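First chain written, first letter: the chains are A, B, C and D, and each begins at residue 1.
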Amino acid sequence: MSQDKALSKDEMAALVAKDIPQGSFVNLGIGQPTLVADFLPEGSGVVLHTENGMLNMGPAATEDEVDPDLTNAGKIPVTELPGASYFHHADSFAMMRGGHLDVCVLGAFQVSATGDLANWHTGAPDAIPAVGGAMDLAIGAKSVFVMMTLFAKDGTPKLVPGCTYPLTGVGCVDRVYTDVATFDITPDGVVVTDTFGISYDELADRLEVPLSQG
Amino acid sequence: MSQDKALSKDEMAALVAKDIPQGSFVNLGIGQPTLVADFLPEGSGVVLHTENGMLNMGPAATEDEVDPDLTNAGKIPVTELPGASYFHHADSFAMMRGGHLDVCVLGAFQVSATGDLANWHTGAPDAIPAVGGAMDLAIGAKSVFVMMTLFAKDGTPKLVPGCTYPLTGVGCVDRVYTDVATFDITPDGVVVTDTFGISYDELADRLEVPLSQG
Amino acid sequence: MTVRICATAAEAVADVADGATVLIGGFGMAGMPVQLIDALIEQGASDLTVVNNNAGNGDAGLAALLAKGRVRKMICSFPRQKDSWVFDGLYREGKVELELVPQGNLAERMRAAGAGIGAFFCPTGVGTPLAEGKETREIDGRTYVLEYPIRGDVALVGAYRADRMGNVVYRKTARNFGPVMATAAATTIVQVAEVVETGELDPEAVVTPSIYVDRIVAV
Amino acid sequence: MTVRICATAAEAVADVADGATVLIGGFGMAGMPVQLIDALIEQGASDLTVVNNNAGNGDAGLAALLAKGRVRKMICSFPRQKDSWVFDGLYREGKVELELVPQGNLAERMRAAGAGIGAFFCPTGVGTPLAEGKETREIDGRTYVLEYPIRGDVALVGAYRADRMGNVVYRKTARNFGPVMATAAATTIVQVAEVVETGELDPEAVVTPSIYVDRIVAV
């Protein structure tokens, strides 16, 4: 779906949704990845996991559906689909750590050329660190997809030779979806699988990471 | 309850039952320890655990109560009391290993003066070894009571300076109930707490274990 | 031992000692034992180590306990939230210590405490600042970090219903850390919306068996 | 991935490979997936490593699989029973290998496999022949043995009911090893008495969530 301008957040989410295989068990990280749910096609059979103890989570709760005992990992009230199940935190993270989720989708500050992920801490000295389930998710799912803009506001690339921010996980990212390009992180290096409003040459020029064309 | 003759199995079971504190969570090992259940007084509040995944197990099932899905650790059909709960094997043994049972009662081939237990294997070269939950029970419960005859059929004592049979657990036995005497295994040695049809002196004479009188 | 049905939350937390490690259930407000925390504030125990996924929201519950200066150390995965101003302030002033633990490790370390596991090799956090200084080992080609149990002196758990024996069930995602914390503390205190007669809970659906519960209070 | 509802037990076990490690649920006959075992015998896979608490009772089920010479190795806690004559004979003739594991370690090692734990320090068996040659460590004054995960290629589980998504519930003590084995195998096959419509099982009472189940067959 190459197009001649950068993708919107919704378009990125739609792209990720399209790449999630039918019937997958999926965890969508807090923030932008949550959007992906809105683009899963009817009958996809995708089952959403939320690490606070539920499988087959439904959409956000509308006003009269709100139940304080039923939230997602971002503490937003959600709903339950038929075939849901509840479990406690140790069981929920055993599910993640044990490699039972097919896909998890996470946001990122940086991804390295070898799939290292930095998404929990800017390393700023005055920042209060908070990690939540990010490290567990990063190393747990069979496939880890990252969604992010490719460049920070100051133009600095977020796909980098090595992360400068503190790591969330080592070599754990499989695929990166950005507003201007998508990438596969492979044992042979970073493969550009699509571009949006940017040429491959310009991309290769602006990133310090060796690329190949997919 | 000193008496002038050796205890029957029922009398031993009654003695153990009397020593189980009100409201305890208890696992009764396969075989003789199972008898203890019959002597728990009405209203004792004792809750029986069976390691195949149940709390608040009831008595053995009578004919029309038999349910092949409801057995004790000895695979004998049992019943369920109000307030029972079921859980899987990892949870059941987590309960044991984590020290949540107040008492477990086990049979034994030998107990050493320092509370080592041997109850799973005679060490005979042609024996097929089988351990079941014996090792988990031995090290898990807050108090481990052993029920056994004090002497083997050939007169050899089963309370010994050191076990000659393969161990089930090290230093795990707290109290030993036998047909002719009861013992506490303490950090200061073996204390005789009661005798039945044998004098303390005769006991001290027949055992190779240093004793003191409780 | 037999569960005690307490008349009030105050009675339930009366003996929490200064310096205790208190496991507090809840993920945000879902499953948060608000009345037990309020009673603990009233009771006055201080110098506490508190384990919770977060570090207080708004000004009530755990945030209020923090605001009173009763917490020496927080062990949690996600202290920073948009309404965690109480913790944020204390942390920046150096008035509260923080041990940051990945959320799954928090759960698994308490599970280990409850299950009698001495330590476990865990793949989470390998190569990150949260594994710095910890023992690592390669097993079957993968690197793991050695993690130790987190034990509580007391667990405060918010649940849905309990029977008079102490069996407990939860509601939806309010289950979260409660069942794990109940196994990991020397004394487990559960607040419920309702105490029902023994026999009314489905034995197949009990989540926290009575053996893990010391005190119950209906709130 | 989406669970497959199989028409027959034969279809469910069709691809079990020679040399596979097969986790078989059940404690004695309670929870024993008899029809799946019968189908596996019919299917013919051999050189199997079988994990079960016992080593077969009487002449049916696991005992029949053993009798056919399909099992290279048993991993179990309690092979010797009054009706374990099939295993007994093979073992005495040196025709089957035995790894004897304390019952709780059997469960916990499979739990570790399912939960992504690389190894764990366990107090069970310390100082006994079953810990000989294993790494030990003292932690907080207590000695522990290092135990490793047991993973299955296939799990055969006997349960009570499943919905069409693959959520599973059990009955009474027939639950036993099933839920743990379901997490520990690459492919989990569950036989149930009844498949119900999705939504008919209480989400609070699901014991094995659908994520762990690959194939279901009603028997």
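Heads up, the rule we're going with is that a contact is a pair of C-beta atoms (placed from the backbone, for glycine too) under 8 Å apart; a residue touches a chain by one contact, two chains touch by 3 or more.
Computed from a predicted structure; not experimentally measured.
The set of chains touching subunit A and also touching subunit D is given as C.
The centroid of the Cα atoms in subunit C and the matching centroid in subunit D are 33 Å apart. Subunit A and subunit B have CA centres that are 54 Å apart. For the pair subunit B and subunit D, the distance between C-alpha centroids works out to 29 Å. Shown for subunit C are the residues in touch with two or more other chains, namely 108, 111, 115-117, 122-123, 170-172, 203-204, 207. Within subunit B, contacts with two or more other chains are made by residues 80, 86-87, 93-94, 96-97, 140.
Here, these are the chain pairs in contact: A-C, A-D, B-C, B-D, C-D. Only residues 50-54, 67-72, 75, 80, 86-90, 92-94, 96-97, 116, 121, 126-136, 139-140, 166-170 of subunit A touch subunit C when the two sit together in their complex.
Of all the residues in subunit C, the ones that touch subunit B in their complex are 1-2, 111, 113-117, 163-165, 167, 183, 198-199, 201, 203-204, 206, 209-212.
Per the touch definition, subunit A reaches subunit D in the complex via residues 21-25, 45, 47, 49, 55-56, 80, 82-87, 93-102, 140.
Contacts from subunit C toward subunit A in the complex involve residues 27-31, 53, 77-81, 87-88, 91-92, 98, 100-108, 110-111, 122-130, 160, 170-180, 207.
If you check the complex, the residues on subunit D that touch subunit C are 108, 112, 115-123, 137, 139-140, 142, 144, 148, 169-172, 202-205, 207.
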